[in-house]
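What follows is a group of structures, each given as structure tokens.
Heads up, the next two complexes both have chain A, just with different partners, chain B and then chain C.
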Partner chain A sequence: MKKIYIRAAEQISLQQPLSEAWMTDPVSVEGPYAPAADPDFRTWLTPAESRRLGKILKRALVTALSIVRKTGVEHPDAICVGTGLGCMVNTEHLLETLCRDGESMFSPTHFMQSTHNTVASLLAIHTKSHGHNLTCSHKDLSFDLALFDAWMQFRLGRIRTALVGGYDELTPSYYTLLRRIGYLGAEGEVPGSETTVTMLLTDDSKDALCELAGLRILYRPTPEELRQGLEHLLGEAGITCGELSAVITGVNGSRTNDAFYEAFTSQLLPGVPTLRYRHLFGTGYTASAFAPYVAAHCLERGFIPEALPYGSVPLREGAPRTLLLVNQRDGKQYSLQLLRALCGN
Partner chain B sequence: MKEPIWITGAGIVSAIGLDKRETLDSLLHGRTGIGPMRHLQSEHRELPVGEVRLSDEELRARLGIAPGMPTIRTALLGMLALEEALEEARLTADELLRTAFVSGTTVGGMDQSERYYPDFLANDTRNAYIALHDCGASTELIADRFGRFGFVATPSTACSSALNAIILGADLIRSGAFDRVVAGGSECLTKFHLNGFNALMILDREACRPFDATRVGLNLGEGAAYVVLERASTARSRGVVASATLDGCGNACDAFHQTASSPGGEGALRAMREALEDAGLAPEQVDYVNAHGTGTPNNDASESAALKRLFGDRVPPVSSTKSFTGHTTSASGAIETVICLLALRHQFLPVNLNWREAMPEGIRPVVESRPQREIRHVLCNSFGFGGNDSSLLLSKREEA
Partner chain C sequence: MEELVLELKNAIIEALNLEEVKPEDIDPDAPLFGDGLGLDSIDALELIVLMEKRYGIKLQDPAAGREIFRSLRTMADYIAAHRTK
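Presenting the complex of A and B:
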């Protein structure tokens, strides 16, 4: 079976945009809600694009353009996108119009940029990519499902490169709605935030950050099924729990959320060091996209930034070799990913 | 040689029926479901729509859902269609554990969001509907009614969501992740997208006329449909039979414009070609094409161009059944897949209603339901905003 690699990964978030400065010099984040720190779009986009495109589109496009520039892969074979709420700013604008002004003032421009697949479409137009193009919108697993889709396309031998991304934008008023239902804003929780993560997957190890060695998604698993899922994932990659350098979880400070990760790590991975990332990047529907982004850069640079470890198990000596990523929502749906350093790294 | 994917069950709900039997009857008798608005509370009463005939209350009653229980119309329609599909496939709750469920939608819970949005902002009375707004919520509401599926996912590629759900389902089987997948989609009418399409000026004030020279736009519809896809060996070992197989899938991107299709139908052509290549079939083996055929000037011209590029001067029978159901947006790919299954099983060509005058350079759609030859292989097209163009190749199952 051919191997799959993460060749490049870029982000726009609460940290410095299009940069890995967070690894040594993280921006500390506060407050219940924090918008992303944008780069200077004018250096990447034409004035018309800057004016016409919504923020989520500009961010996605700029991270993709940066990857194209870095890797020289101009026309990816597939584009796979995950988004929890799609182009929320435009959707919210239309909902407000509908409730305030009735049905006579609807704006076609906002509607055209309000569907969930607007981002994947824009990326295809800009990279002139006519190949496989899919958007998944499934709560906190949206990005993980997009990654899984790309993974299957590689496994079926259909593609050699794929642009994969997780994107969500969040307005202060929609943040309020999500807090009302307890999705965001629990006591002690890291900020609710926006996500832009784009990565390029290839079947070629040249210049890659790491290998994507396994991927598994489970719905409503029993504890036993979860254990089996993890066992199969590790077994297929030929590694044991003891060989894991660390597990990266989605703990975010919310007690109910963190309890699921605590149960997972303590029962299935005792003795494996635990890492977190949401205290740096915030939390939200596609925040799980930051996990492979973080892991890929740690494996490539051969160190775990000081800001990541939590819990009582100390990090092992030496460069990280294999990282397990776990993402879950309400204990109902789980995603497990296995990332491995390149040989000789 | 790829192992065949059998289709062992199907369920459908739309303006022309609440199940396969009613749908078949409407198709054979040329009875459209498009008419005056009854359930949708829109100011645009002048716009004809293809509504599922049951109100939310009637759907709840039929499904035995308590009146106080928060739900959304997309989920209600989906439950009805999924029930029929699971019944035909004779799937038990135990077997669902090893079955994936993939359901496309874009609207999700928008029908309640647009109703209660002022409450969302002001108070806690409608919080249940905030939680049901996103696409994934409707998929899980539908799935969880029937037991515990082993995997769920929600593709959202605008109007091709359901067809892409079926393709994702086929990929799950071919990649070895699952032996059985239930895939399709569900979408209800909302003021939100009715007004969106209206603002884009692509809605017809009269009954839509796909591929007609005088066409001016589409009529929106709603509904849900699912198919049960199963590895042939798995289906055989359960002792179930299939009347059709899913032989080819094509997912391509027009990469032209956010909402318009390219004049040459590049994405559509690529999707159809890919589906044929995947199935190992030549264009002349296609006996019927269920077109995307929305009735907008842009789509039908672009799709005609793609069909002519693929088939040359020997275009097989083509029709758009959106003249029956209306454009059921994110559900359309699955609804039209089930219509193709009915055509294969009952050997008829679904006609293209309201077609009178050929468009310049356009295809001439089917107006006579009796086929000239056996229908063995059909293409089903589904295109979406963003140039998300997909196509399936479905075949009548030949007895081994």
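Presenting the complex of A and C:
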């Protein structure tokens, strides 16, 4: 079976945009809600190209353009996007206008950009990619399912390259609503924030950051099904729990949600060092996209940044070789990903 | 009329997010679409919404739009003659 690799991965977030400076010099962010730090879009897009694009679209496009520039892969075979609520700023504009002025007065630009699949369409237009194009919107598993879709397309031999991304934006009013329904803002939780992560998957190891060695999605698993799922994932990749360099979890400071991660790691991965990333990148529907982004760069550079270790198990000596990524929400749906360093990294 | 032309220039720049364009850059007699300002069909829809929202003008005849939106001045003339607010 052909292997799948992460060739490049870019982000725009709370951290310095389009940069891995967070690995050595992370930006510390306080407060319940923290918007992303944007790059200078004018260095990437002309005013004519960007004038109708909302920020989420500019961010997605600029990360994709950066990847195209770095890798030379201009026309990916597939585009797979995960988003919790799509272009939220445009959606808010549209809804406000509908409420205030009625149905005949809304801006066509806001209308066009209020759909969830606008990002995937825009990436397809700019990369002239007329192949597989899919948007997954399934709350906290949105990105993971987009990645899973790309994974299946590779496994079926239908594609050789794929742009995969997780994108969400957060407005003050949207944050207030999410807080009111108890999704964000639990006591002790890291800031709610926006996500832009784009990565290029290929079936060619040349210049890759790491291998995507396994991926499993489990819906409402029993503890036994979760154990078996993990066993199968590791078994298929030919490794044991003891060989894992670390497990990267989506702990975000919410006591209720973190308890599921703590149960998972203590029961199924005792003695495996635990890492976290959401305290650096914030939390939200597609924040799980930062996990493979973080893991890929750790594996490529051969070290775990000081800011990531979490819990009492000390890091193992030497460069990380295999990282298990766990994403879940309230114990209902789990995503397990296994990333492996390339020989020589 | 010149006051309305200037007001329209600013309204169009804002509605169409023409970041790099200043009011003095827009020739009121140049075509809005194609060569002049280079607007497209989505911009035409934005201008229709702008006319209705700002001046209370609802375009009933789509064919009339071609003449009304020929230039900024023809648009201003139409607005001056038909505005309800």
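To be clear about the criterion, the second predicted complex is superposed on the first by the 344 of 345 C-alpha atoms of A that agree within 3 Å, B and C clash if a C-alpha of one lies under 4 Å from a C-alpha of the other, contacts with A are read in each partner's own complex, and residues count from 1 in each chain.
One rule holds for everything that comes next: a contact is a pair of C-beta atoms (placed from the backbone, for glycine too) under 8 Å apart; a residue touches a chain by one contact, two chains touch by 3 or more.
Since the structure is predicted, the reported quantities are computational estimates derived from the model, not experimental observations.
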Chain C versus chain B on the shared chain A, clash or fit after superposition: fit
Which of chain B and chain C A:R52 touches, first, second, both or neither: second
Touched partner set for A:S107, first chain B, second chain C, both or neither: both
Chain A residues touched - chain C or chain B, whichever exceeds: B
Contacts of A:A124 with chain B and chain C, given as first, second, both or neither: first
After fitting on chain A: smallest Cα gap, chain B-chain C, Å: 8
Doubly contacted chain A residues - partners chain C and chain B: 104, 106-108, 112
Complex contacts: residues of chain C adjacent to chain A: 15-20, 38, 42, 45-46, 49, 52-53, 58
Contact footprint of chain C on chain A as seen in their complex: 47-48, 51-52, 101, 104-109, 112
Contact set on chain A toward chain B in their complex: 79, 83-86, 94-96, 98-99, 102-104, 106-108, 111-118, 120-122, 124-125, 127-139, 141-142, 145, 148-149, 152-153, 155-156, 173, 176-178, 180-181, 183, 217-220, 285, 332-333
Chain B residues within the chain A interface of the complex: 42-44, 106, 113-114, 117-118, 120-121, 124, 127, 130-131, 134-137, 139-140, 143, 148-158, 164, 168, 171-172, 174-175, 177, 191-193, 195-201, 251-259, 266-267, 270, 384-388
